[in-house]
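Multiple structures are listed underneath, in structure tokens.
What follows is chain A paired twice: with chain B in the first complex and chain C in the second.
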Partner chain A sequence: MKFNLDFALSVVPTILTGLFTTLWITVAACLGAAVLGFTFEILRRSNRWLGYVMRFLIDVIRSTPVLVQLYFLYFVMPFYGVTLSAVVVGVVGLSVYYSGYLAEVFKGGIDSVDTGQFEAGKALGLRRRDVVWSIIAPQMLRNVVAPMGNYFVSALKATPYLAVIAVPEMLGIALELGANSFRYAEPMIAVGIIFLILAVGINQLVRMLEKRMLASSKR
Partner chain B sequence: MKPVQNSTAPAVKITGLNKSYGSFRALQDIDLSVATNERIVICGPSGSGKSTLIRCVNQLETHDSGTIEVNGNVLGKKTPKMYTLRRDIGMVFQHFNLFPHLTVLENCTLALRKARDMTREQANEIARHYLARVRIPEQQDKYPGQLSGGQQQRVAIARALCMSPKVMLFDEPTSALDPEMIKEVLEVMTDLARDGMTMLCVTHEMGFARTVADRVIFMDAGRIVEQADPETFFTAPSHPRARQFLSQLL
Partner chain C sequence: MEIAGILAGILQGFRVTALVTLYGMLWAVPFALITGVAQHFTRGAARFAVTCLIEFWRSSPVLILLFVMYYSLPSFGIRLSSMTVAAMALGLNIGGYGSQAVRAALQSLDRGQVEAGRALGLHRLNILVFIELPQAATAMMPTLVNQFIQLVKGTAIVSLITLTDMTFRAKEIAELQYNPVGVYTSLLLAYLIVCYPATLFGRYLERRVHIEQRGNREI
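Entry: the complex of A and B
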């Protein structure tokens, strides 16, 4: 079977109907992962016992495959009375999966802020949350933009996993096109190219952001 | 040990203070009472526990045993709302520890707005007042990285003063400065001492100790081994370790 350019071009509009789903799930998952990851890391540092619990949780999240986590949320949780729609599982699943990695990114980011900054905030009589939000977080942000961007691209590329639970994202649509036409080469190549363009775009955006932050930290 | 000569309640009262890092005893049976308006200079060889001692006063370090009372409040690991008590204890660090992502003015106003619940306008007014007092009102919109070390340390002093602390702690405030910048910082500290601020200064600036200190405390191996008025301390130190230390300094 030869590659058919006309067929490849003809499937693109159909695949792009999933673009919006792919994008909003990626954005929602990244936001969720960032919020969860930051919360995990702050809790991990708050006291010793909670620290052990959070460390364990973060390690479990990072040490199990994303597909296992997705299947667990979608097929196992209903046995315990928690039934979530495929899209919700997609967002929650990817948020949780990447929160483990982002917690590690934030750990490195916070560690790289000088301890004198914590002490100065404390000595001024600031509450812990004010030290975290007004002093540590802004300085940490500069250190975590690049690794965070990598995980955001990774999250984008993980959305095709959601095809297994029938979320109407781009790979799922491409698979359906393949099944209906018995031609997989064209839809797969089209999907691959669309992801490539998106990933390169996000990378560029992150690089710009990083440059801007580096410039502002040099003043 | 000499009793403190002041009739009012002490600003800082430390009794039987002990602290260890593992098997290393950083502080051993420290007794120290600092009267309101008293200016104390703490000196001694490195590793003698000077910094640890003043860091216990605002509980950046927690002590193992003994009591610390500051402004009438007993401090310790279990003190509730320790952060509110720290608002009345100013601290200046060796490495300034200014917030690099905030302007000079914002460095000074952050705690006023977050901890004293002031509006930006109120906080700015207070900050400008103290920046003028440390003689750098014109730098308020710059970032710490744009200032010299001496200017940064003066901002750090202004930042602490903005909270109107009852006690000021100085942890080797001039040790990280070039010689020509030490003077400008010491001048600001001398002004502060003249205005009657209660001060605990860890410093090796003996000229400063001589002119402003009411009492010089000499520490060695986690203990206070000598305390006296500066004149007595510098001319006739009684402890051999203090004599040796002074002979190396002068």
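Entry: the complex of A and C
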């Protein structure tokens, strides 16, 4: 079958109906991953044994494919009576996957804060929670925006995986269009170009935000 | 079937997983080296062209790349085996990431190294091969190991284009018997067995490169 440009253009509006789903899943997954990743890293540093456990958990998350993690959540959770909708599984899955990487980013960020800052907090008699939240976290932020931004863009690029668990995001819609018309080439190329534009655009946006944040936090 | 039996069944797909990884590397390594060096050396329009090439492979989601190539190339008269398509899509995607490690490592070298080579009357190409690249290799090793892990994990998606890798085997077994917990736990375990050593190795290399390692300080 020859490539048909008219058909390719005609499927674009239908595919774009999934754009909003793609975007909100990305945002939700980024927030989830940041919260979970920071929690993992703080727990890892809280005491020795918990440290080993969290280290292993983070490595397990980083050593297994996101696709397999999604299958695991999607097929295994119902077995234990937890039935979540595909979209929720997708958001949770991406959050967990990227939390492993963000934990590593936060590790580097915390290391870049001077030891004196921890000691000063302790000397002032602050509780550990206050040291983490009021002293470490704000100073760490400056050093983690760039790598965090990279992983956020990466999360956007991972949303097509959710098509395999039947989430109606853009790739899912494109595959359905292909199945209905028996023509896969056109929907695939259309969704490919849309994703490329989206990824490059959001990448630029993240770089811009990064510059803003770094400029405003210069001392 | 017990977990051990399921795991043995899944590991029958290891050959395909390993082959896709190997062929993927054959695309990724040359692509990363050539484009990374090219981006380092070129200026102006030429550099823009190289950057566009890299960004195309790097910014497109890898699943989309795979599907676009798998479903669309036949429409343009290009018939490739699933294995070739998978190796190209995964390899060039990872190669795009790798190129940035190569470029960053080259740029981080002291300028004096190149100047010393010039002063010795070496050809520019000799300076690159004998002075710059060997030194850059150390700096880019941790990133390249991490990219390798990404490639191994990325091969899970070839199960979606009917290659019988570990993920595909797991789905086959899941259809034969109702035991999602056993099957998907085994699948996670299978990837963990393959990737965990590489994850540990990558961490070891990172520690060697960042001499000042403070990552285990308790707070």
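Annotations
Quick note on the criterion: the second predicted complex is superposed on the first by the 216 of 219 C-alpha atoms of A that agree within 3 Å, B and C clash if a C-alpha of one lies under 4 Å from a C-alpha of the other, contacts with A are read in each partner's own complex, and residues count from 1 in each chain.
As a working rule, a contact is a pair of C-beta atoms (placed from the backbone, for glycine too) under 8 Å apart; a residue touches a chain by one contact, two chains touch by 3 or more.
Everything quoted here is computed from the prediction, not taken from an experiment.
Steric overlap between chain B and chain C is absent once the structures are superposed on chain A; the two fit side by side. Angle at chain A (Cα centre) between the Cα centres of chain B and chain C in the superposed arrangement: 100°, in steps of 10. Note on chain A: of its two partners chain C and chain B, the one contacting more of its residues is C. Using the contact criterion defined above for the overlaid structures, shared-chain residue A:Ser134 touches chain B, although it does not reach chain C. Once the two complexes are overlaid on the shared chain, A:Arg62 sits against chain C while remaining clear of chain B.
In the overlay built on the shared chain, the residue A:Gly116 is in contact with chain B alone; chain C does not reach it. Judged by the touch definition given at the top, the superposed model places A:Leu124 against chain B, while chain C stays out of reach. Of the two partner chains placed around the shared chain by superposition, neither chain B nor chain C is touched by A:Arg212.
After superposing both complexes on chain A, the closest C-alpha pair between chain B and chain C lies 11 Å apart. Residue overlap on chain A between its contacts with chain B in one complex and with chain C in the other: 128. Remark: chain C residues 55-56, 59-65, 67-68, 71-72, 74-76, 149, 153-157, 159-160, 167, 170, 174, 180-181, 183-185, 187-188, 191-192, 195-196, 198-200, 214-219 touch chain A in the complex. Taken in their complex, chain A has these residues touching chain B: 114, 116-117, 119-120, 122-128, 130, 134-135, 138-139, 217-219. Taken in their complex, chain A has these residues touching chain C: 1-3, 42, 45-48, 51, 59-60, 62-69, 71-72, 75-76, 78-79, 107-108, 110-111, 115, 118, 128, 131-132, 136, 157-161, 163-164, 171, 175, 178, 184-185, 188-189, 191-192, 195-196, 199-200, 203. Of all the residues in chain B, the ones that touch chain A in their complex are 58, 60, 83-91, 93, 95, 97-101, 110-111, 114-115, 143, 145-146, 159-160, 163.
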